[in-house]
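Structures are listed in the sections that come next.
The same subunit A turns up in both complexes below, where it pairs with subunit B and then with subunit C.
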Partner chain A sequence: MQKSLKKYFWLFLLPTIIAFIIAFLVPFVMGVGLSFTEFTTVTDARFVGLSNYMRVFANSDFLNAFWFTAKFTIVSVLSVNLLAFILALLLTRGLRGTNFFRTAFFMPNLIGGIVLGYIWQLIINGILASQGVDLTYHAQYGFWGLVVLMNWQMIGYMMIIYVAGLQNIPHELHEVAAIDGANGWQTLKSITLPLVMPSITICTFLTLSNSFKMFDQNYALTAGAPGKQTQMLALDIYQTFYGSIGQEGVGQAKAVLFFILVALIALLQMRLTRRREAEI
Partner chain B sequence: MKRILLCIMVLVLLLPLAGCAQSDEKTLYFLNFKPESAEAYNEIAKKYKEETGVTLRVVTAASGTYEQTLKSEISKSDAPVLFQINGVVGYAAWKNYCKDLSKTTLYQHITDRSLAISSGDGVYGLPAVVEGYGIIYNKEITDRYFALSGRATAFSGMEDINSFEKLSALVEDMTARKEELGIRGVFAATSLKSGEDWRYQTHLANVPVYYELQEKKLDISRDDLSGISFTKQAAFKNLFDLYINNSTTDPKLLGSKQVADSMAEFALGQCAMVQNGNWAWSQINGVSGNVVKAENIKFLPLYTGIEGEEKQGLCIGTENYFAINSQASAEKQKMAEDFLSWLYTSETGKNFVTNKLHFIAPYDTFEEKEAPSDPLGREVYEWMNREDVETVPWIFSIFPSQNFKNDFGAALLQYAQGTKSWNDVVTLFATRWKEEIT
Partner chain C sequence: MSKRKRLINSLLVILLSFLTALFISPIAIVLMNSFKGQFYISAEPFKLPSPDTFVGLQNYISGVQKINFFSALGYSLFITVFSVLAILLFTSMAAWYLVRVQTRATKTLYYLLVFSMIVPFQMVMFTMSKVANVLHLENPVGIVLLYLGFGAGLSVFMFYGFIRSIPLAIEEAAEIDGCTPPQRFFYVIMPILKPIAVTVAVLNAMWIWNDYLLPLLVIGSKYRTIPVAVQYLQGGYGSRDMGALMAMLVLAIVPIILFYAFMQKHIIRGVVAGAVKG
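And now, the complex of A and B:
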């Protein structure tokens, strides 16, 4: 049996490998290739060298979208993780109804981004109506609307990861700390935080990459209004690709730049938080 | 054991391939552009199969996603044979796929050859329909106004309104007396939510851009159009300002209004006028609690203060052209041609066009009694055949791209909200036009 497994391992891997090639590798390589061409359909492309990459910066849309996305990411990574961690701390203290609250907080994550976007649009417009304006009036409204939406959607998910991390800390450590006379803050700083560092790595990675890649929430909540001031990178790429004639290649070039950016930032973040993980 | 395993693995691998079975030879693939016509086309397909034995496979792209869908479908091996383009720009994008239709039966029947998309000696798109738009008004409410005593205008009826100056005098006085008239505003909400702003960034803009083309003597099928700079912006601003300042809705709240909101306000009698086209009849009629009577629903041209506009008619045209995929096999192309001539020349086909698709068909095989029966369609038909007015053709298909239109629409919203000056809107129109035109 061992021998035949060795002999046929490729056969068992084949379906997965083929799926991986079809669904990821081929589109990725084609996508990078297409960013150097002018095309309407993917089978009918003409090589144009780097001109698509030059046209990315022909107007400031891409850069504006980048800065907006960056600001949004910083704010939402901090707020999502902070709130999720606090909730996780509260919900690991054996309070009554813990399970109910965990489920309730997790629920928003199960709703799709487009639906959430429209629901929050109604809510925020309803609130702003008292001022006689709506969400499209000022970019600040859209920005904070997106932050609130992101928090509402992601906190529950991150909280579950933190809860798992917190429950993994051996109870004895807290007891020892208490006997040594450490107060709550000291325990949190010197015992809890270092030991949940792996969870923090995962959670920051997830929130960072999700915020950076956010599309449907942005599309449904503001669609860039006012003007293009709340347009994030993914939406900008989509609009370039589908909204303009003969700019598919430019959209593709933006997508390649976007990939490089997200990969770089995520790698950097992983390295930074990994370094602080403690072993028991 | 091994052999069975191997067999299973091979089967698993082959499974997805089974889904890609080739379609048979008697199938015609049509990619439809109008979601509202999807059901009618399905009925047509059923009837066509009965009469000719050819299966018409109708695939409809979701609203606003036609270009994406076409892009991915046409590169497949089983590509659409019959598809639709939206005009000159659509033709420019798809010219490698558009067959010359000048030899087809249907082209011989077209009432006005300028309605088709031609380039050089070839004809590459045949109109499926003509449609018209303008200001739709509820005669019941305007009559109520004309019956008021002590009004500031001297008009005796809507026939007197034939210029922007008169229209604005009428509208402003109606606004001043909206309580007496029992309306919340003269115009329905100017829907400027993104994706819902096409009535302004495309349809209204058609009028000033058309006059700019005339003034510069540009021919849309031939000349370089990159020099369009919105010189008639004042005309656009005239009517747009009239809309937003005499509306049911505060201009600051227009960013969340949709077309459906406006049509509902009109249908419920909360306003007297709304800019839209003959396709809106089903929408007005479908609102529950609709109080507008079919005989009271009329059209007024888009008067913007252009010189000589007393003779201006409705904006009539289409952005719905049939094109045949030149890269499909010869038999398939023939099947598509046959289908088109069946649809527009046979009795059964014509019946579907008039009564199911509700199209005003620009072909001489249709007689007057086959004109549409809905009130707005009738109005368009009448305006189109009036001798004393000149129709404004739909030239908005030359607008460079969807992004251009979206950006212009977003700027209009900011102008309405008071966060952008009109000059900035005009500048944005000109710069974005230049950037996006190919």
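And now, the complex of A and C:
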């Protein structure tokens, strides 16, 4: 069967291969290569060794963006998952209107980052107006603004995944626990939480990588203001490429470092998921 | 159900209703402000329009003209629909081939595709837009090819996992009946792929419809999709027209809500399935 199929390589594989080479493979290899060169238009690239990587740390932009991103990611992962989990618990009790509530909480997730950014800019500036300031007045405002925005966008999504996880728990387990006299907290700790661990891992990494890679929302809500204090990594890379002159090589070096960080997160996730699957 | 439990449940429903109202309120506030004069928005966004501040549809008219909203809607629709269709057709075909023909070359290709899933867009954004420029892909048709290539990783991965669980016996039967490989794929395999195809379609549609950077960098100077147009309204003019911005935010959200209303079940199911895999 393999043999008869091989003749049709051009039909089944070629379209995807061509698109993949153009949109991913060539740009990726070029990107890695260019990070070791100085260039403005790709064709005038000149090998400069590791100097772009040194220049990444010549000013504190990239490191500041890294710490801002890291703090934002930690706060978002914790708050989104905690709130989403509580909501999921409330929405698996068979309350009236459960479906309506789930639908409503999920909805913000479908709206794009640019639009979300401007919606929250209006709201947060409106609240801050009573103090006579706006979002760009202090980096703290931008930070918490982004956290609120992220929660609004992600809670419904994570809630849906937690709901699916909670519904997979056999009902008998709760009944048995009740007969044994376990109270609500004990049931949650000894039955519910261990059994939804897979959902917790999935949701943690989904929020983690979404927060770490965030661009659109950051760009629309604060664009890094005040100064570059609320600039996350993705936005810093963008500004290095398109917001400054003669920095393309540095931008590409930053992009490679960013890719390595994101890849490390993904590898960590794969290892954790694999190990647990093996245990089951 | 005990009396106490019933009371708690009623209180929870009230709490949830309150939370839902809070959750929806940002959109309601934008909608409300889209009917106010542009100078009454920033200062008092939480006030209802009054006879003094109400401007009817004026913000919508000026916003639609400023960013040429309907052409942006057209480009967004065109790019999303054709990219999703191309991804569905070509990546399912590729995934089937990769499952059925296991050689060193196909395995390498599969691992490269999976690898591309973890590469953030910033890594390739500059070089991709250069490549697109050299190959003259800077138009709504060319960008479909880029979405196919950059979205191939996740989509092939999801189809691949699903196809592996389809018993070979079904295809062998078709082969004995005289089906050629293309007939086997299009008549036998494709109908079986429907559930996973819905998931792949939902995930890609959400990504492409809302995508900002790729269309900005590749076709942004000539063709603006909705997110690019909204950002342009914000950044492209000297003074910022808050009224037009509010109206365009509303128009950007309406198609999404309509789509959600009709496809709700598929969207939620697709998102859950996609999360568990990716």
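Criterion: the second predicted complex is superposed on the first by the 241 of 280 C-alpha atoms of A that agree within 3 Å, B and C clash if a C-alpha of one lies under 4 Å from a C-alpha of the other, contacts with A are read in each partner's own complex, and residues count from 1 in each chain.
Basically, a contact is a pair of C-beta atoms (placed from the backbone, for glycine too) under 8 Å apart; a residue touches a chain by one contact, two chains touch by 3 or more.
Model, not experiment: these values are computed from the prediction.
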item: Contacts of A:I202 with subunit B and subunit C, given as first, second, both or neither; value: second
item: First (subunit B), second (subunit C), both or neither touched by A:I179; value: neither
item: Which superposed partner A:G243 touches (first subunit B, second subunit C, both, neither); value: first
item: Which superposed partner A:N125 touches (first subunit B, second subunit C, both, neither); value: both
item: Which of subunit B and subunit C A:V42 touches, first, second, both or neither; value: both
item: Partner chain(s) touched by A:N59 [first = subunit B, second = subunit C, both, neither]; value: first
item: Contacts of A:T136 with subunit B and subunit C, given as first, second, both or neither; value: first
item: Dominant contact partner of subunit A by residue count, subunit C or subunit B; value: C
item: Touching partner for A:G224 - first (subunit B), second (subunit C), both, neither; value: first
item: Those residues of subunit A which subunit B touches in one complex and subunit C touches in the other; value: 4, 11-12, 15, 18, 41-42, 125, 129
item: Residues of subunit A touching subunit B in the complex; value: 4, 11-12, 14-15, 18, 40-44, 58-59, 121, 125, 129, 132-138, 223-228, 239-240, 242-247
item: Subunit A partner contacts - residues on subunit C that touch it in the complex; value: 9, 12-13, 16-17, 19-20, 23-24, 26-27, 29-30, 33, 41-46, 86, 90-91, 93-94, 96-98, 100-102, 106, 109, 112-113, 116-120, 122-128, 130-132, 135, 137, 145-150, 152-153, 156, 168, 171-172, 175, 180-182, 185, 206, 209-213, 226-227, 230-231, 234, 242, 245-246, 249, 252-253, 256-257, 259-260, 264, 267-268, 271-272, 275-276
item: Subunit A to subunit C touching residues, read off their complex; value: 1-2, 4-9, 11-13, 15-28, 30-31, 34, 41-42, 90-91, 93, 95-97, 100-115, 118-120, 122-123, 125-126, 129, 152, 156-157, 160-161, 164, 202-203, 206, 213, 215-216, 219-220, 234, 237-238, 241, 248, 251-252, 255-256, 258-259, 262-263, 266
item: Interface residues, subunit B side, partner subunit A - complex; value: 2, 6, 9, 12-13, 67-68, 71-72, 74-75, 89, 92-94, 96, 193-195, 250, 252-253, 255-256, 400-404, 406-407, 410-411, 413-414, 417, 419-420, 435-436, 438
